[in-house]
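What follows is chain A paired twice: with chain B in the first complex and chain C in the second.
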Partner chain A sequence: MSSREPRASGYFRSSYDQGLRLIETRTQWTSLIAFLLALGAFPFLATSFQLDLACQVFLAVIGSIALMLLTGYAGQVSLGHAGLIAAGAFTAGILFKEFGAKFWITIPAAAAMGALIGLIFGLPSLRLRGLYLAVSTLALHFIVIYLGGEYETKRGFSTGIVIDAPRIGDLVLRDRKIWYFVLLAFAAVTLLISLNLLRSRTGRAWAAIRSHETIAEALGIGVAGHKLLAFVISSSMTAVAGALFSYYRGFVSVEAFSLFLSIQYVAMIIIGGMGSLLGAILGAIFVTLLPYVIEYAVGLLPNARSYAGMLAAFNYSAFGIVMILFLVFEPQGLVGIWRRVQNYFLLWPFKQKPLGGGRR
Partner chain B sequence: MAELEVEKLTLRFGGLSVLSGVSFAVEKAELFALIGPNGAGKTSVLNCISGLYPGEGVIRFRGKSIAGMRAHHVARLGIARTFQHGELFPHMTVAENLLTGRHSRIRTNPVKEIFFSRSVRGEEIAHREAVEEIVDFVELERYRNTQVANLPFGIQKIVGFARALAMEPAILLLDEPSAGLNRDEREDLARFILRIKHELGIAMIWIEHDMQMVADLADRLHVLEYGRSVAEGSPDKVLKDPRVIAAYLGSAAR
Partner chain C sequence: MQLAINIAVLAAIYALIACGYVLIYRVSRVLNLAHGELMMLSAYLLLTTASLFSKNPLIALTAAVFLSLCVGVLVYLFLMRRMTGEMVLAAVLTTVALGVLLRGLVVLIWSAQQQNPAQALGWANYSIPVFGAGRISAAGAALIAVTTLIYAGLFLFLRFSRYGIRMRAAGQNPLLAAQRGISLHVIYALAWGLSTFTGAMAGILISLDSGLDSTMVLIGLKAFPAALVGGLDSLVGALLGALIIAAAEVLMIYYVDALLSDVVPFLVLILMLIVRPWGLFGTREELDRV
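Then we have the complex of A and B:
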């Protein structure tokens, strides 16, 4: 909520409208435009492998922002995230295979499917909390994976469903460069929707429910309705990410959606920093790139070839160690580190923020 | 018609009888203090009124029964409350806490919010202005954009008080607003309570342990002991009542 720190001294708001703007100062505009230019230039400078990594990051960003809304803001724990991604992917895959449905039908259909599943699997949250709720969302994962597996075997696609590259008008989404911009756009829209919800009534209600359910209720907030809303919106976004994933890969199969994927998403929001959209983005980047960094690092070791078979083991254990290190040493996640660095430069030559009052 | 009537309010948790037959009525702009020793059931009375506990009996707000209503519906009718330990939202700023208090007054829906449409922006600005009036009323200007977690306890209590006020209630339920406040802060609080009574005309049910403050400010007192009504009336009369003294000090002390 107060994650936006001022970028320069001497900026004073003179209307409430200014306080509602997402981008306030000229410096912020300049950095945003520079950032967008860099993002726009990236595909023309990057190798095909780097482009693939960027696309994976964008998909992960959509998923982790969605989970951040649900867990980091509304306080509802979910381990069903991989199930929702699978539901979106299968919705797109099945609609394509059975009815030859187009991109502009399958994506909204996946969103609707996600919303429906979110509504159903949000219901336990009205009674259960914390770990118990997490276990109930596990059911979602296994049901979706079971149904997806049944579909594959019954229809004879036992290795998975192959999906053709989608078309938008005459444009065929086959080139990685085009995919890069499409996924970037989806991620940006997801971020914007989240920012808008969080700075209005719904976002405050979620934050209230996260800290004190009873108090929220006593303030006139319909707790049940807002919890379900969090599940519906988050699940809908996640299912869209799943549908995009299936198109991007051109292939849907239950193997891609293991329980480990759910845990990776939970890791993204913890490593990134709970209760921060920037955290969701940083966490998604970190967790997506970590295995590649490890692979690269192992490649640098002498005798690299002899370790090749152990790469998966390296990955899992490094992932576990990183999680533990973050939980112990940096519970605020990457965004906590980012804020510390930012404050260091903002306050220099001083070390401490002034107490209370003063600025926002 | 009384603003709030409570008749034969009874509350049981299994075999434990918390309240038995508590009755009182509060008038408009009345400062009605609810006192009694620890465990007498004062907070339980407030919890029953706000719909957090399932009490039996009659609770009427302006003649309309609200017993058994869900807590958020009761709040929307205009019955606001504070909590003993503040119970604020620590990650939010003071202004955001108060805006959360205005939740049921803000007219937007999630679809409009997704686009942050012109009407959402308009509502946000209008309610931010309303919040500023409350901030001004309780003299929290210094802290309006400070995260609540960083504020001292005394200020937090005032913020909790302001959050209830931000709901623009008809009745304010105050659960030990002065507990944990120092002398200066208590004096501020007394001033705010009197201003609410005289300027806003809001009825208040006020749980308080500071007998000096109660004697000075309250219009009427209602004394509870072991979940039963012991006495009711003006402060000077009630505080001299031997049954009240016995309830507080024990009968052997006299």
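Then we have the complex of A and C:
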């Protein structure tokens, strides 16, 4: 349990309450406040393009935190994440198009839809494990996408559904700066909910199920219920991300939710580091920004013009290579690297932790 | 009649692809989700060898199939070998990553346009009338013949040859097999080679029949339900599963809606997972012990 490791160079906790605190030391307070100030100041300094990137990162963060809860903590593998994002986006799109619903109706509706689909995604998990579960979520992904495509063609929106920008009173959410803060708020709330879930009974039950289902059952944890709960919570968060995505883009179409998107989300939590919320965030940032880095790097090549049409192919290749490198050489992900750096400075001038972990 | 022929051809395609999944899963319990991409790579390799040996198409075919076999072995040696002993899921995700990488590389090397290897070989795909009532394309007929041959060959290989028996032993219990002096790495590499070999046959024949572009990956993925419905570790099951999936798909397209074609295999898959997760002929996973 990473977040429960003491962050200072010694072990200073003297009661159980202190172990539950999210923020323990003064350094953490100051760095948190500095980070929040930086986040608040960012939109006033950044260009429009950078703001767009930040918004995409926030959307990805919501999705990857949701997947991390499910896979990294509860141990239930899902390869159908894009299907859930699509479900959220289509719920918002359809409600808007058919009933002209406002966004404070569509977003809760998307969450409810996500919960429902999560329940369906989760049902196979009661019988299946590991590989087979991954396959069943993969199959459900195709079914959700099919339903979305069917709606598009039958209702005559074959190129996609256009959604107007949401408005609160007279304020129309079109400016990137406002979007930045809205998405930041949603991401922060998702993070807080997850942090609180994980330090509560539910989170510990999930960890037990991930480690060993039979033992968890023997310890008196309702395995079936907690598994379904993990699916429901994760899916409804994901669906909200999907609905926000559809509003942000102003456009919904099945093409955006290919299997590759699911793979990208799985890659986020692997590259970030399994079983860590910080990992989910780092992974989301990494995977979202990678294509832009590639685009920049390809632009630096001699006669870059001729490669312009092949950008997607470069993206795929680089993405595959990065994912393989992380799986083979750094299974702990970015968080593993981060912890090693942190430990280096915590222990300096020594190299190893004292035997017994130094936590007495 | 035409429906029956369509079902037979599609079943042959799915069976030929599915046996690649089964071979690897049976031997090493790893699900190779890059099978579709490897298949596509083989078809593109044929494109290259066809332009190299434009005079004699048979040499081009053999070279392409041989190259794909080597690709399979190399994939094991340089990538999957590192993942043996890791969590199964990590290995599966590695194959997913490999698939993404291959998809990018193929477009980088051969461009994303639709290609036609049959043309490059100088072959025309003509259709043959069957029993007066239906027609089958030459490539389709070849598919059925090759699938039959490969299944017969695999059956004989696994049942009677020395390495086939070793492969089954390694699949049943890797630890005991290793103790009896079977080199697991050789066996696993062989399984990967064989699997890409059968995948290559499938990819090449499909591309001869209906051209070649990145949609072939989807065909590879749709064949996976066939393997699972039959039982992931049973070749007979893969054959039967392919027949079921193909029949369901063709009939649904014919009677209900053509858009369904991409979903039907997965619907059958989910049904099967709910009713009997280990498939028709598969072995049941062991009970959990603490």
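Definition applied: the second predicted complex is superposed on the first by the 345 of 360 C-alpha atoms of A that agree within 3 Å, B and C clash if a C-alpha of one lies under 4 Å from a C-alpha of the other, contacts with A are read in each partner's own complex, and residues count from 1 in each chain.
In this section, contacts are C-beta pairs under 8 Å (C-beta built on N, C-alpha and C of every residue); 3 or more make two chains touch, one makes a residue touch a chain.
Keep in mind that what you see is a predicted model, and the values were worked out from it rather than measured.
Peer 1: Please indicate which partner A:A318 is in contact with in the superposed arrangement: first for chain B, second for chain C, both, or neither.
Peer 2: So A:A318 only meets chain C here.
Peer 1: Per the contact definition in the header, classify A:I143: touching chain B only (first), chain C only (second), both, or neither.
Peer 2: second
Peer 1: Does the superposition put A:V328 against chain B (first), chain C (second), both, or neither?
Peer 2: A:V328 sits against chain C, while chain B stays out of touch.
Peer 1: Using the touch definition from the top, say if A:I193 reaches chain B (first), chain C (second), both or neither.
Peer 2: Only chain B; A:I193 stays clear of chain C.
Peer 1: Would you check which partner chain A:A218 touches, where first means chain B only, second means chain C only, and both and neither mean what they say?
Peer 2: Touch partners of A:A218: chain B and chain C.
Peer 1: Counting only touches as set out at the top, which of chain B and chain C does A:T202 meet: first, second, both, neither?
Peer 2: first
Peer 1: Count the residues of chain A touched by chain B and by chain C, then name the partner with the higher count.
Peer 2: Touching more of chain A: C.
Peer 1: For chain A, what residues appear in both contact lists, the one with chain B and the one with chain C?
Peer 2: 212, 214-215, 218
Peer 1: Once bound in the complex, which stretches of chain C touch chain A?
Peer 2: Checking each residue of chain C against chain A gives 31, 79, 82-83, 86, 88-90, 92-94, 96-105, 107-108, 112, 221, 224-225, 228, 259-260, 262-263, 266-267, 269-270, 273-274, 277, 288-290.
Peer 1: Under the definition above, what is the set of chain A residues touching chain B in their complex?
Peer 2: It comes out as residues 1-2, 16-17, 19-20, 193, 196-197, 199-202, 204-205, 207-208, 211-212, 214-223, 229, 233, 275, 355-357, 359-360.
Peer 1: Where on chain A does chain C make contact in their complex?
Peer 2: On the chain A side, the touching residues are 77, 123-124, 127-128, 130-132, 134-136, 138-140, 142-143, 146, 149-150, 153, 212-215, 218, 259-260, 263, 266-267, 270, 310, 312-321, 323-324, 327-328, 331.
Peer 1: Could you pull out which chain B residues touch chain A in their complex?
Peer 2: Residue positions touching the partner: 50-52, 70-72, 75-76, 80-81, 83, 87, 89-93, 96, 99-101, 103-104, 106, 108, 110, 113-116, 120-121, 123-125, 128-129, 142-143, 145-147, 150-151, 163, 167.
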